[in-house]
Amino acid sequence: MRYDFTDYVLIVAGAVTRVAVYALLALPAALVVVLSFTSGETMDFPPAGFSMQWYQKAFESEPFMSALWTSTYVAVIVAIAALVIGFAAAFAINRFDFPGKGLLQALAFSPLIVPAVVLGIGLLYLFAWMNLIQTMFPLFAGHLVLAIPYVVRTVLASLTLHNRVLEEAAMNLRASPLRVVRRITLPLILPGLLSAAIFAFVTSFGNVTVSVFLTYGGNVTLPVQLFTYLDHSYNPLVAAVSSIMIFVTLAVILTIERLIGAETLS
Amino acid sequence: MVPAIGVLRYSFLDGDYLLDGHGFTLRHYLRFFSDTYYSSVLWDTFVDGLVVSLICLLIGFPVGYSLARLPPLARRWRTIIVIMPLTLSLVVIVFGWLIVLGRNGLLNSVLVNLGIISSPKTFLFARPAVILVLVQQFLPFMILSVMSVVTQIDPVLEHAASNLRANRLVTFRRVIIPLATPGILVGFNLVFVLSISAFITPRLIGGNRVPMLGSLIYERIMSEFNWPSGAAMAFILFVAGLGFTAAFNALAASRFVRGGRHAL
Amino acid sequence: MKRRTFLKLATATTMSTLAAPYVHAQEKKFAGITLRFGGWGGLYDETIQKYVAAPLEERTGLKVQITAGTQSADLVKLVANKENPPFDVYQADSAYMVEALKADLIQEVTEAEVPNIKRILPGFREYGEYGVPYSVFTYIPIYNSELVEQPLTTYTDLTRPDLEGRVALPAATFDTWSLYLLALAEENGGSISNMEPAYSLLEQAKSNILALAQSTVAMIQMFETKEASAGVISDARGHELRTKGHPIVSVYPPQGIYGATSYMNVVKNAKHPEAAFAFLDQMLSDEGMLGLPRALRLGVTTDVKLPDEIAKDLTFNTPERIALKKKVDWQKWMADRSARIERINKILRG
């Protein structure tokens, strides 16, 4: 490649921006992780010394651990369901012309503009009316409603870009439509699917405002537990629990990557 | 969908408490529009949302682009840094920021040591702090959206442009940006919509000094229990937000088509 | 796997319920029953678990499930599920009692059902037979003695010009915490029906306000980081800051102290009202009553004898102090809430 002056300016500006952005993004999380290892009793920075005592307390805390379990399996199920539903919707919007398509496209996005409180109360009443309130359904449904828009939008962007020539070629070779989707379309938009899955997972895993209305005794999610804990108390246990949340998310992301990544290679 | 229709219905109830009242009234909408306080907050909310989305676009695009062009292993760890803020409960992110922005926080001690300011200043509880935290919170959405489309742009196109003696700026403007527009739009829309409906950040970082419509709606619903009025405000935000993104997308789409022709 | 554990549990519970009459005929009165308690999270719930739930389970076999939540979200959940409420016991402060009664969520509790009600001090049951008061707290001015030279003595002192940019106040959405506004009004010739003096004072001293805290923890942080040098906080939290080594002085204004009471309520249509009564009775017993003062230095509502080392840290520990406690017309205070919130929002923005 040739370089001229504007190229250098762009390269330098790009590098500076990247460093700044990574620092900005990592900073709060890094501080929380550092504080979680403090040996002191307070969240002062810098930490008093190194210890694992807050992790021990976190793992011994029954409310936090059962909430962690609830949050994790809800988020995994929501991510899978959102991916399936969201992909189908995005595929339909992208490939087929049908009446009300524009409306569907706009609506797929709308739950994000309805303030979370309103959505939470709306769902609470809906499920109370269906007499399903003290079950897991409201939580699943609430998180799905929040996660699907991300999936639809991300997948749609990938589908818009990707080249249909391969699909058409496969169709010409008499591959069934399902097979084409599985063998050609899905692998080609994998990066998009990966981002979508991660969006869906973290949306569910971190949500407080909708969950707070839909949880019931014994099935409180971790963010709700943390949120109420923070109403009254504030100590490094909060940092330890948050760090555990970070670690769980990392583990899930790496697993998703491995699952999807392995398939790409084959 | 059902909740959205429910919200619309509630907003016309003539009561002021929970779901009391029936009939049909425009009273709650009138209260909003007859008081300049609310329209000015709505205006501020949109300006904030726009500022946050633009900053995210400006600093998020280069990162998303470079991520897409990195080899898989290097990409993985950087992606994880990008995703990390999404995994943290908002309340905890706010704690992280208090350590940075507080009066005896990192930023103040750096600035004082460098001699830029003589005594610690209050950075929290002001609009710039709210915007900074919103940017940090929603930037991952922009980066990941950009990344997922850029990975699908064949690098060959860039090389071709470069062979035609286009410098990077021209390549970006003529080739990459038009092709990445769907991802940029998704990111921009997501960040904008999330920012205008944010309420925890303005409340915690803004300390009630930086009103955004999301926090007013939250107060009306969860503190005053005036659901019809809260629903009306939510519906106004909904329509205004949807209208804005639709207009913006239409505008961008027309440019995208034109830009696309240029690139060809 | 989940299902199997559930089945196992269900079988075990059924078996123990069936077996109970033969094994523990008298003492395990509530074996196999789970009482659902709407908790407030953190150390608060831990204390109630330790001093109320645990001893009760020991004695009666009653399991207490404490679900952390907030007063307002729990209220909404109860309103949406009146036939089949998600809790048996709902906690509310003096202000939220008005809401709970207005929404018709709670039932009356009498001395016949909860014998220890007779131990409640006179004047503490503000709502007739509704609600069992178990704790008192006050919202008083505090200041950092290292940062503020001239001591504060009244609520009005918070508007002093030397405190510019350093005063932390609660968000107007906290109904009880916002009593400092009533204090500002009453100290300056106003009253609950004439709040204008408070608002105009606040308007003048707007530049004093650092921020309105959205939670107790946010307020504590502002003092820990020295962001704020004066403000309004609950008496218990002022004490907490002192024990952490911060030079915080609590002010007991001579014109009167403003505070509120926390109540426990048996929810209408509760699944196990009998168990709920037993829980409330344990709360009012010596053992239950001393938990919150011990852990959080919250005040008591019964004639329980307080150890001196706890009593010295409480606000209402002498007859003179008790005489300073102001009565609040909660109905009126709550009726004006919307206007109050809107007014404060506008003052801060304007």
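Each chain carries a letter (A, B and C) given by its place in the written order, and its residues are counted from 1.
Note that in this section a contact is a pair of C-beta atoms (placed from the backbone, for glycine too) under 8 Å apart; a residue touches a chain by one contact, two chains touch by 3 or more.
All values reported here derive from a predicted model rather than from experimental measurement.
*Asks:* Tell me which of A-C and A-B has more C-beta pairs in contact.
*Replies:* A-B
*Asks:* What chain lies farthest away from chain B once each centre is taken as the mean of the Cα atoms?
*Replies:* Relative to chain B, the chain with the farthest C-alpha centre is C.
*Asks:* Quick check: how many Å separate the C-alpha centres of chain A and chain C?
*Replies:* 36
*Asks:* State, to the nearest whole Å, the distance from the C-alpha centre of chain A to the C-alpha centre of chain B.
*Replies:* Each chain reduced to its C-alpha mean, chain A and chain B end up 16 Å apart.
*Asks:* If I count partner chains per residue in chain B, which residues reach a count of at least 2?
*Replies:* Expected reply: 105, 222.
*Asks:* In chain A, which residues are in touch with two or more of the other chains?
*Replies:* 121, 125, 227, 230
*Asks:* Could you pull out the residues of chain C that touch at least 2 other chains?
*Replies:* Residues 73, 76, 221 of chain C touch two or more partner chains.
*Asks:* Can you tell me which positions in chain B touch chain A when the two form their complex?
*Replies:* Those in contact with chain A are residues 1-4, 6-7, 59-60, 62-63, 66, 68, 72, 76, 78-93, 95-97, 99-100, 105-106, 135-136, 139-141, 143-145, 147-149, 151-153, 159, 162, 165, 167-169, 172, 179, 182-183, 185-186, 189-190, 193-194, 196-197, 199-200, 214, 217-218, 221-222, 227, 230-231, 234, 237-238, 241-242, 245-246.
*Asks:* What part of chain A is in contact with chain B in the complex they form?
*Replies:* On the chain A side, the touching residues are 1-4, 6-7, 10-11, 13-14, 17-18, 20-22, 24-29, 31-32, 35, 43, 45, 106-107, 109-119, 121-123, 125-126, 145, 150, 153-154, 156-158, 160-162, 188-189, 191-192, 194-195, 198-199, 202, 205-206, 208-209, 222-223, 226-227, 230, 238-239, 242, 245-246, 249-250, 253, 257, 261.
*Asks:* Under the stated contact criterion, what part of chain C meets chain B in this complex?
*Replies:* Those in contact with chain B are residues 72-73, 75-76, 79, 99, 102-103, 165, 171-173, 175, 209-214, 218, 221, 225-227, 337-338, 341, 344-346, 348-349.
*Asks:* Any idea which chain C residues touch chain A in the complex?
*Replies:* Its residues touching chain A are 36, 39-45, 65-70, 73, 76-77, 80-81, 84, 86-87, 215-217, 220-221, 224, 244.
*Asks:* In the complex, go through chain B and note every residue touching chain C.
*Replies:* Answer in residue numbers: 16-18, 37, 40-41, 98, 102-105, 122, 124-125, 203-204, 206-209, 211, 216, 219, 222-226.
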